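Okay, got some structures for you below.
You will see subunit A twice below: alongside subunit B first, and alongside subunit C after that.
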Partner chain A sequence: MTAPTHAPVLQVDALVTTFTTPDEVVRAVDDVSFVLYPGRILGIVGESGSGKSVTARSIMRMVHAPGRVESGCIMLGDRDLRNLDERAMRSVRGRDVAMIFQDPQAALNPVIKIGDQIIESLQIHGMGAKKAKARALELLSQVGIPNPEEAFERYQHQYSGGMRQRVVIAIALANNPSVLIADEPTTALDVTIQAQILELLRKLRTDLGIAILLITHDMGVVAEMCDDVLVMYKGKVVERGPTAKVLAAPEHEYTISLMNAVPRMDSPLRAPFEPSGPPALEVSDLRTDVNAGQRSVFRRKAPFYAVDGVSIAVHPGETVALVGESGCGKSTLSRTIVGIYGSAGGTIRVGGRDVTAMTPADRRHVTRGVQYVFQDPYSSLNPRRTAGQSIEEALRVAGTPASKIRERSIELMRTVGLPAEHLDRYPYAFSGGQRQRIGIARALAGKAKVLVLDEPVSALDVSIQAEILDLLMRLQAEHGLGYLFISHDLAVVREISHRVAVMYKGKIVEQGTTQEIFEAARDPYTQRLLASTPKLDVEDRP
Partner chain B sequence: MADTPSFAANRRPRVKNPVLRRYLTAFRTARGIAGSVILLVLVALALLAPVLYPGGYDVQSAESLRGPSLAHPFGTDQLGRDLLTRSLFGLRIDLTIVAVAVPLGMVVGTTLGLIGALSRVAGTVLQRVLDVIIGFPGIVLGMCIILIMGPGWSALVIAITVSSLPTFGRLSRAAMLSQAQREYVMAARTLGVSRVTIITRHILPNAIDPILVAGAVFVVHAIFIEAGLSIIGLGIQPPEPSLGSLLNQGMRYITQAPTYVLGPTVVLFLLALSFSLISDSLNKAVNRA
Partner chain C sequence: MIRYLLGRIPSILLVIFLASIVAFILPRLAPGDPAVVMAGPDPTPEQVEAVREAAGFNRPLIEQYLSWVLGLFRGDLGVSFILNRPIGELILSRVESTLQLAGLAAVFMILLGFALGILGGSRLRRGSRLALDMFNTAMLATPPFLVALVLILVFGIWLRILPVSGEVGLSENFGLGLQYLLLPAAALALTQAAVVGRLLQTSMLTTRGEEFIDLAVAKGASPARVTFRHVLPASLDAAIVSIGLRIGELLSGAIIIEAIFARNGLGQLAVQAVNNRDYFLIQTLVIGAVVIAVLSQLISEVVMASLDPRIRLES
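Presenting the complex of A and B:
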């Protein structure tokens, strides 16, 4: 944390980027200025639509119509990138300024070997074939890929998401750029993998003295990584300064509200929950075979149990969190509970009755008490039906008399904090948070006792996330709902749950009260998860 | 979601239904406008043909096989009949065939495709049946049907409908399979909504875009199937004209009156052009969202 001693590598001054629509001109980036020094990490933080990604694309001159860089200058050394012709700009991209994106799978070509993709990026900027191969191997080992010789000959699908992101970083570093723009580089990754990639970026910064512009929505990542930070809101920089200062003592109103919305790993826990009766949902020894029903002419596919002997119970009024990384089986478990997948063993008791042994019709009747809320509010609502139609359908299926349906749907909209006149709107007219509210209203239509919430806030901005969590807690208090809350985000889980179950490879490795898990985790996997979760405390950074 | 500013937020649309509005944007593009203007003019001429030419399509005169003139812009045929008149009456027939056969094929084909959502076995069997239909060229299939039913308007309609089934059946099946995996379909399932309701209310409306576009494209095919069958004498029977049968007649006199085929060809071309412009812009409109 020393003061910059070098000359800046990149200076952006009064950058304005606009998008012209038939109705108006949107200033997506509005008078943004910053300076980037070698060996330092500058964070740009903001919510969706704040203009942070457009800022990055403007620097790379990759804003396409109807977008346009209106004014300002982008000085790379002593050259203004805005004045370069397209040819000169192409030689800047990749050689002087490199960029990595959120989704490494989309950034890599699936039919070209990893080694050849790195070599390609070297040869574009004029390196000979032999030298390029040697450099590619060096890069692969630099980004921590085991057995570079072997990796060289492999394809991206043979690697996990974290390894792919390492390859993308290797390609970005190939030509020794002086600036690396990382646009949400770890958002698509699991928290333990995220920790590894962030560690790699820090190491590269120190070893190579590269300047990194890190774009993220995650305050924890900012706290762990950045020397300085810009907070963007509606295209403007509303606050800037050293990370420690901005996070600890934000001055702008927006930054303050943002910091208040971020779930903290040191906030007070919810009061412990004392169950007063039998559980509303009780799962014992549940197994789900995801290969069931898949067979060739000659033999059945070997069973694969994505959920392997899981037991978990949810009482009315209680929030049980199910935590784990992608592929651990948490979504399969929740979908088995609501009957989207069939179970291969064990029991699911709803209100004391085992539904796995029931006929489909009986089961549908009983499981109406357990409803599902999806992660992605954009895809879980039918785009061709209004909010009202979606809610009314749920009411009709639940047996609400026709005369009561309109009245009940208005009531449900109010319950989730939406005005009744929004019933006639189509999903596209709602924001992500509003859509998730509609999803919750739909789940409540059938007088559910338990909601299975599958990552209900993961797709939302942090301020919206806080609103939805508040709504869920209020509904729980008013209606005595039990929640099975599935999440990969430990900070959110800590805020909302009474009990926590940690899932790993289809099994629950540890289960206990929120306090037990967060303060005295016994299982090594739980401990690793906790250690990987970014903390907001700048002094505590690794 | 990507960090792009939302454009639609402040707009207050006149047509509220977003689906309809999206289709309507197709008719605001240059291609869409050109296509629909040509089509409207052709339809108007076809509708007005009995008014413009109260004598009908069979008024004969001594002036046979003349080239284009002011009195006869498309010239006259071997019996001295005005070819413009016959072309417009022929267009009338073609439009009625297309207007019945293509929507019929769309409905039947889409239904066949969606049956796969109810029963996997029935779906697979139907797809194989459709594969067999694909195996026959449209003309050969049409000839078989006409040999069974005898030539005429309804045989043409059936022939065109049957040859359109694979297009719509496969498209709707593909759309159904991809929609069935969407979360809103899963959401409906977890609520306990019945399968038929899921298909009609959730899957079908979201699967309809490619089917509509394919429908507009198929209209062009349909016209050519009619023309093809009429050229070999299996379509509309004389003295009634269709664009295809006019071409069929004109071919015989190609050495004496080369301009004979010109008029019907132009009309056929304009008809095909209008639908291909419309399907093109419709395709762009539905894929823009």
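Presenting the complex of A and C:
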């Protein structure tokens, strides 16, 4: 890492942004300062609510009400952006400072053609129509979109997530900005796509000498991308420095605990699992046609097997991870197991009983044996029911006698590490991690032997993620639970699984012990997934 | 698109068939006997019976229904008993008046609805927001006949600038016809416009929270550009559906408005037909209204699909 030789492009000094609520004034960004040099990538890391996105929006003067930049200065070259009038600020946005967003699907206008969205950012800053079109085509090929001419006329819903993010980047690059603010640019993408987008950003940095402010919660992304890093916690910068130093030898206690919570690709594996009996859940040659039942008057949709000949078994006390990227069929598989989708072939056995037909009696048997924990703890709890009501309902369904329900609810709350008083709270009063604990408590109500965990920690911050993983491992040891753990995050999978099955386009391409998969993967797709997962080691940078 | 429209044909035919049954049964379930009305003042039972025989009211219901429907297919709408004129001719003579009224009202509804919606869907100061909400709520809560009376009072009696009674066809004298049309059309449209405006406002405010609006701002777009190029086109769905549904509402509203402004339209014809138990006329008017409602809904779906590339009309 050579020392920067250029003058800084962006200097933020003592920035304070507040949100005024009826109860209090929250200092979302509290005395944040940093300097950004051309051709360098500065990372801002922190967990949700740390103020990293508000910092980015403050620079763009795009903080949503009731937020307000209170004090500090934001020097772009020799101009303080805080002193510009709105009109002058508009000419800075998109021309000098551009922004890319987390979710490209949400960030692109659904009803305007891709080409017109790029042209717009050029025309706003005064380029003529003909020149703008030529430049837009050039940008599309620069960000690696095949067939720019064709892409120009299409809409965002006709593209995959990775392609959409390339379009968002093309829009940001349109006017050759000197600063690019990337707010979680790869969080919504699959890991192999993430690797491609990060590669693209690195290339643009080198080729165009752009300064990038990269906001992320992912330490792996920081390790791969950033020259320097700021760690934010509750609105303040708690640590700063060159990436290698901050990641390898953090000084502030928050950074230390954060780094300890991050699942590492080199941490010790779980002890191998020896099955001591028949599997609690066994699926063989399962197929699911997701187009079944979608019939119209004239024709029937051609069958589409999202799950195509999958065999997998989960023993009591064992964690089997199912990894794969979005659309590979992993969620369809789990939903077929609990009977949300009908199967088109193969068998499902729960506790030795064949339940493939999913008769009402089969369903009762499945409900007793297998429970589901959802990814999003925010939407999987009914907002109008207290935690207690949600758990009590699950207990009643499981046939717990009325006299025992309260007692069992309290017991379940203790099991997942929540105080009994919290039974009377509504979901909004809980944090994400606490909600996921309630989701787990609900799943445990019926004494199920197998939990299907569908991305149970993906929506959580790393420190909370570590706590939930610990809880899951403890419950497994105490109750002999079998887990079918669905995830796209290989580092998490490596930490919790005994066995791993890799799914690609509806089929399991490779299955083995965690050690076999992570140390001697044979399938090229598995190898690609592993290579794409960001490592925490800065020296290992691609 | 063509395939989609072909795919909709069965359900449209079913709706019209069911509507024809309802239109046929409903007047016959209502108390009163058309034969009595037709037979003139103080008829003897024999006279009534003779009239009933002549009009075919003593034939089985199925037979009466079939002969009516077959007549419709042949273009023969039947004859009004009371007015003693072919129904086709009766409707044709009145249809221009009502179409002009409903057409101008639809234009008012769309223009005013969009104006209210775009204004309400923009960032406003607290005072302006309050004023707009009050106006909108007042419009929503005021029935068309009350709006009509207020308009008559203001424009016809105090200001004396617009005629409040009677009509002139647009085809005869466009300028004068328009003068006669303005107040009734406005009275008919205001309440509906408030509904359209409220829906558009809600979806625009929701759209403003979307990330692609942030991206537009981050591009450096001006507030006007953000509103008209990004927010509005992505917020039209609900408003267009409601416009499709409201067209039918305008037709039914025309009945009262025509009475207030003394216009000789289909609404007045319908009221007369019901009062006189003029079965064939009622049936035909009901079917006509259903067909118009179905068509306007279909058109709104096509418009929506052409504005929003995410909606592909597939069977």
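In this text, the second predicted complex is superposed on the first by the 537 of 542 C-alpha atoms of A that agree within 3 Å, B and C clash if a C-alpha of one lies under 4 Å from a C-alpha of the other, contacts with A are read in each partner's own complex, and residues count from 1 in each chain.
Just so we're on the same page, contacts are C-beta pairs under 8 Å (C-beta built on N, C-alpha and C of every residue); 3 or more make two chains touch, one makes a residue touch a chain.
What you see is a predicted model; the values in this text were computed from it and never measured.
Of the two partner chains placed around the shared chain by superposition, neither subunit B nor subunit C is touched by A:Asn176. Looking at the shared chain after the overlay, A:Met62 reaches subunit C, while subunit B stays out of its contact range.
More residues of subunit A are in touch with B than with the other of subunit B and subunit C.
Using the contact criterion defined above for the overlaid structures, shared-chain residue A:Asn260 touches neither subunit B nor subunit C, since it reaches no partner.
In the overlay built on the shared chain, the residue A:Ala394 is in contact with subunit B alone; subunit C does not reach it. Shared-chain residue A:Arg93: touches subunit C; no touch with subunit B. In the superposition on chain A, contact of A:Asn147 is made with neither subunit B nor subunit C.
Of the two partner chains placed around the shared chain by superposition, subunit C is the only one that A:Ser121 touches, whereas subunit B remains out of contact. Across the complex, subunit A is touched by residues 1-8, 10-11, 18-19, 182-184, 186-193, 197, 201-202, 205-206 of subunit B.
The touching residues of subunit C, when paired with subunit A in their complex, are 7, 10, 210-212, 214-222, 225, 229-230, 233-234, 307-310, 315.
If you check the complex, the residues on subunit A that touch subunit C are 60, 62, 90-95, 98-99, 101-103, 106-112, 120-121, 124-125, 155, 157, 168, 171, 296-298.
Listed in rising order, the residues of subunit A touching subunit B in the complex are 19, 21, 23-24, 26, 28, 46, 48-54, 335, 338-340, 364-365, 367-368, 371-372, 374, 376, 378-385, 393-394, 397-398, 426, 428, 432, 439, 442, 445-446, 459.
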